[in-house]
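Below are structures written as structure tokens.
Each of the next two complexes has chain A plus one other chain: chain B in the first, chain C in the second.
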Partner chain A sequence: MTEHTPGEMVRLLTPDGERVPHPDYELESTPGELRGLYRDMVLARAADGEGVTLQRQGELALWPSLLGQEAAQIGSARALRDDDHVFPSYRDHGVALCRGLDPLHIFRLYRGVTHGGWDPAEHHFHLYTLVIGSQVLHATGYAMGVAADDAGTAVAVYFGDGATSQGDVSEAFNFAAVYNAPVVFFCQNNQWAISAGNERQFRAPIFRRAAGFGFPGVRVDGNDVLACLAVTRAALARARSGAGPMLIEAFTYRMGAHTTADDATRYRDPVEVEEWRGKDPIARLGLHLRKTGLADDEFFARTDREGADLAARLRSSVRAMPDPGLADAFGRTYGDEHPLVAEELAWFREYSASFAAAGEG
Partner chain B sequence: MTLSLVRAINEALRGALADDPKVVLMGEDIGKLGGVFRATEGLQKDFGEHRVLDTPLAESGIVGTAIGLALRGYRPVVEIQFDGFVFPAYDQIVTQLAKMRARSGGRLGLPVVIRIPYGGGIGAVEHHSESPEALFAHVAGLRVVSPSGAADAYWMLRQAIACDDPVVFLEPKRRYYEKEPVDTSAPAAPLHSVRVVRPGRDMTLVGYGPTVRTCLDAAAAAEEDGVSLEVLDLRSLSPIDFDGIEASVRRTGRLSVVHEAPVFFGAGAEIAARISERCFHHLEAPVLRVGGYHMPYPGGRMERDYLPDLDRVLDAAERALAY
Partner chain C sequence: MTRLREFKLPDVGEGLTEAEIVRWLVAPDDRVRDGMAVCEIETAKALVELPIPFDGRVHELHFEQGATVDVGAVLITVEEDPSPGGEPVLVGYGASEPAVRRRPRKRPDGEIRAAATPPVRKLAKDLGLDLATVVPTGPGGVVTREDVESAARSTAPEKRRIPVTGVRRAMARATTESAFTAPHVTEFLTVDVTRTMRLVDDLKADPEHADLRVTPLLLVAKALLVAVRRHPEINASWDEAGRAIVLHDAVHLGIAVATPRGLIVPNVKDAQARTLPELARALRDLTRTARSGRTEPGDLTGGTITITNIGVFGVDAGTPILNPGEAAILAVGAIRLKPWVHQGEVKPRHVVTLALSFDHRLVDGELGSKVLAGTGAVLERPERIIGWS
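Our next item is the complex of A and B:
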């Protein structure tokens, strides 16, 4: 385990639900905003849980669960403005939700119906990227474009602790520094990359790496939604102002297995998981809302119901999802007519029709 | 003993580690987890962390450092987690691994094996079902092989590890759990030879990796209609045993090559060109190819229509026999 002292982490809400001040990061928030963050996290967890369930039932090919990372995702995503552009990884369902993307798109992807499917322009939310680290370069290039256009917006990119081992990620840090690109690197250090712990990936804390590239890096308590919001807000404002990139390491924990295909009991101590269960990000904010009287039983019950309703809608929609035809996939490879694709499609249609004609289709 | 294909891989790795102290395994999640397919299960426990290395998540780093270890006298066997994730390492493989021997005037051989689970049919998400063999076979300096069953998996991996050139070792992941008897004492067939897995008279089917089983199923179905299909397991994509294919085609007069990879610029194209040249006067029909389409590998819900199956193999046979 990489050495890490809690003192190095930005924290605005203690595990007991107490607000604490921080010299560099302050957060002014209305009761409504706090309840909104709580609601976002509950909805994200509900949608995510439904993903796990539907995979178990054979409706999805795979599901990477965000369980435990709700604060990191919701806090950072709620710091974004609508016209900031986001490059997610593949576990960022909470970010997607905050961007206004219908989670059903993500279910389609993990069902094997599509490899992307949504319009990134609509919610300023790029497609998921499964090849570890690739999107960090894309975000940096996008940010270079934003700067060149003098657009005054920022770019945020999400990636994991494991991803920091990829050359692409180091190259992205360097490009961002050299071009002073308005990009916020948001690393969710959930301490696991499938079976590999942090000590397999690096021997110095991730956030410190930024200094070597020439921009600031900060570690934030990834289970503190308020700290994630405040730090990301500051980093985005900095980027928009032309001050360049920043790296945020959100220190959190992957509560579930890597994906539904993984068996985490093979490589990690259940004691560690139990310990982190006690640091649940939703419970933490819930505690604060109760203690301060900013939310009542009625609110919590209503929010839970909303989560259940969302899960139910996703469940029935996924179950009713028709399988797409391969014929539609041919036309998507190029922007224009392509003779080989046309020839293969014609053959495929004729071949498929021969079965229909024979009554076997 | 009877082993599944993935178990045979495990046995071959175990044997190589035991026989040669210079053999080291490298890859993501291959240690404690035993690899996402459990191909390396138990090996770190039995041989230690200095022989079975859980690496950082960086394919270029894995292959690049494997090259360095090979220069130092080790024999690294690298696992790439899935076919679609080999590309960060493609630069190291193409510009360094493949060329080192030629660049050094023949002095520096790099005995590196790159194991890649490949191919579709498991209902996976993007990048987990690809067949990139042509991208390696096209590169001079690499040897490229793919077993179709457990017995070959065992012996071909042992031979690949013993080989002084780099070998790209493609494992048909959808056949990982199919079992067959493996004789770990018997001498193996040469690494780069084709094998007749089912003799026939009317036409030759060439498959490799996952499609050998598909071809065998097609041949069994064709037999019921009185058509006799010969099935060859190509086993090696670089080099290719053209003599072996030619011998079969001279008897049958017809050939179809079956692979999951897109047919455009694929292994089938190379085989069709060479065999047409060698067997022009023996051919009763053009050499046909059955394979993937010119598109990124589709989502799992569409792969049934994408993958060459029994019906498509038989359709090609019908067309060839109609000439």
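Our next item is the complex of A and C:
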């Protein structure tokens, strides 16, 4: 098991909503910022829940739920500057939201009406990567470019515990270390790589792996949005200052199934799920806001309403999404017209038409 | 204007073609809202809840629970709410609901119905709770899921209740009645059945019996019938009211069969008069009919003695409970290859443990022992079938 020893994991907010100090990471935050983090997490959860529902209704082909990982995503994403560049995985809807990306882009992707969905330059938010771990290499290369340009910005890359078993991730770690690339490796360890638990992935805690490559690694309570914010902020500042990469392991839990095509009850102990339910990231910050009087019932009601409104907008927009034309699918390979693609498109049209003809006969 | 809308089974996995309806969470006439789970389905990949994509009142459920449904088939039709002001609001949030929905609805029988969403209603039913007894804390007196859960916690510690009906209920009643009226005694005997196993193999290999299902159980049945023939007093019933022991001429041989719906004990009528091939056919038909759930009530009554083959579950012995009205029941354990002293040497032999329970009101230890020993003796040397019957 990779259970942490006390003190090894950075935590600033307990599951009971109490602020606790940490010798290395401090966080000065205004009441408005705290409420903002809460609101972000609620919106992320609302959009995510709608993704699951729409998939069950046949509107989406697939949906990987972020449920339980809101603090890891929101905390780390709110540490970013607008000009930092982000490489997400495929479950990072909360990060997308913080980057200002309209979540509808993600819904288009999982509906299968687009291959990519958005302009990565617009929000400094790269396309989702469904290949496990490959974006960690892309981010490292990009960060090496940032350093070469002397841009003074940082790169953040998101990946899961399962990705750490990929060679790509180890290669990226090594390149980043050797080239002192300004990249923050943000690993959301949600304990489960589909049905493979941590003990089937590694024997040493993920964060300790960084030491072997020659850069710092930190484990943070991934359900504590304040700790995630503080640690990521420090790691990004460090990267921008030219001190090189850092690995953050956000220790969290995937409350839902791997995706809508998975049934986690087949391989997971419900006791474990219940235990993590008690560490819910939103409830935790909510408790803190109530205890300290930084938010009232009206705030919570308004925030929930905002979440519901977002879900409603997504629902009606997704249902109204038109299917893409064939030309769109064939028009993305080359910038200009290409004789081979034109030939293939013509063949495909004929082939599709043959079904209609057979159906009539 | 109302109109009917259909919700078709979507592909909830990646490239799935069908799903099984595990259970409905709503019933006809229930109100549903966009996003509310209406049924639980199991696909090749997962067990999931299906949320319906519109508001309204359930008009029809198109499939029974347990049905396997193709993707694209209509699962449920919903009568959309009449919309006084143009198109219905696509999304329910924010819009206030008609107040009438929050009041208890009068049903045709005049009973006041507590307000709750269908899933909560279903939960209460599953937990065996009367919704009317649950204190509502939801807006407008609606019973919430938390209310039901906390009521369940305060009334009962159990997590899950399975309604006992049909075959299960019959089994519970029969075993209780039997266990607490007939004083049971169980005796055990472990015998070497190697020769019987050889005979089973020989019979199987005989082209004459190609259409028969020759099993060790068939030979056990025959052995018991031979023992009963030598000790017919075991084939009897206790008549409490008439203060008498009723001896039966015919042996109606019961066989305990595990079916998908539970345990049933159909019997082979006049088993004593059947030849071995006839008995084999009767046993085959009886278990086949039982497993497909088509056993006639007449085949379940009138049994006089029973065999239960617990060996199929890999266990060696047990203390079977008598089928009510019968004097004896034979449990057959798993036939195992074991080291056994045979003709003065330790050899690997096929060995089985037999357990005979009998009703001590009418069967004493001597009779019970003779029947058990006789059955075992036939299985040890199956040629005794010829000598003893």
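In this section, the second predicted complex is superposed on the first by the 341 of 361 C-alpha atoms of A that agree within 3 Å, B and C clash if a C-alpha of one lies under 4 Å from a C-alpha of the other, contacts with A are read in each partner's own complex, and residues count from 1 in each chain.
The definition used in the following text is that a residue touches a chain if its C-beta (ideal position, glycine included) is under 8 Å from a C-beta of that chain, and two chains touch if they have at least 3 such contacts.
Computed from a predicted structure; not experimentally measured.
In the superposition on chain A, no contact is made by A:Asp224 with either chain B or chain C. More residues of chain A lie in contact with B than with the other chain of the pair chain B and chain C. Of the two partner chains placed by superposition, only chain B is touched by A:Ala193; chain C is not.
In the superposition on chain A, contact is made by A:Leu62 with both chain B and chain C.
Contacts of A:Ala311 after superposition: chain C is touched, whereas chain B is not reached.
Judged by the touch definition given at the top, the superposed model places A:Ala261 against both chain B and chain C. Residue contacts after overlaying the shared chain place A:Thr53 against chain C, while chain B stays out of touching range. When both complexes are overlaid on chain A, the residue A:Leu326 reaches chain B alone and has no touch with chain C. Across the superposed pair, chain B and chain C both touch chain A at residues 61-62, 261-262, 266.
By the touch criterion given at the top, residues 8, 10-14, 34-35, 45-53, 90-91, 93-94 of chain C touch chain A in their complex. Those residues of chain B that touch chain A in the complex are listed here as 28-29, 31-34, 36, 54-58, 60-61, 84-85, 87-88, 123-127, 264, 293-296, 298-303, 305-306, 311-312, 315. Residue ranges of chain A in contact with chain C, taken from their complex: 53, 55-59, 61-62, 257, 260-263, 265-266, 305, 308-309, 311-312, 315-316, 319. Against chain B, in their complex, chain A makes its touches with residues 61-62, 109-115, 130-132, 162-163, 165-168, 193-196, 200-202, 261-262, 266-267, 323-326, 329-330, 332-333, 338, 340-341, 344, 348, 351-352, 354-355.
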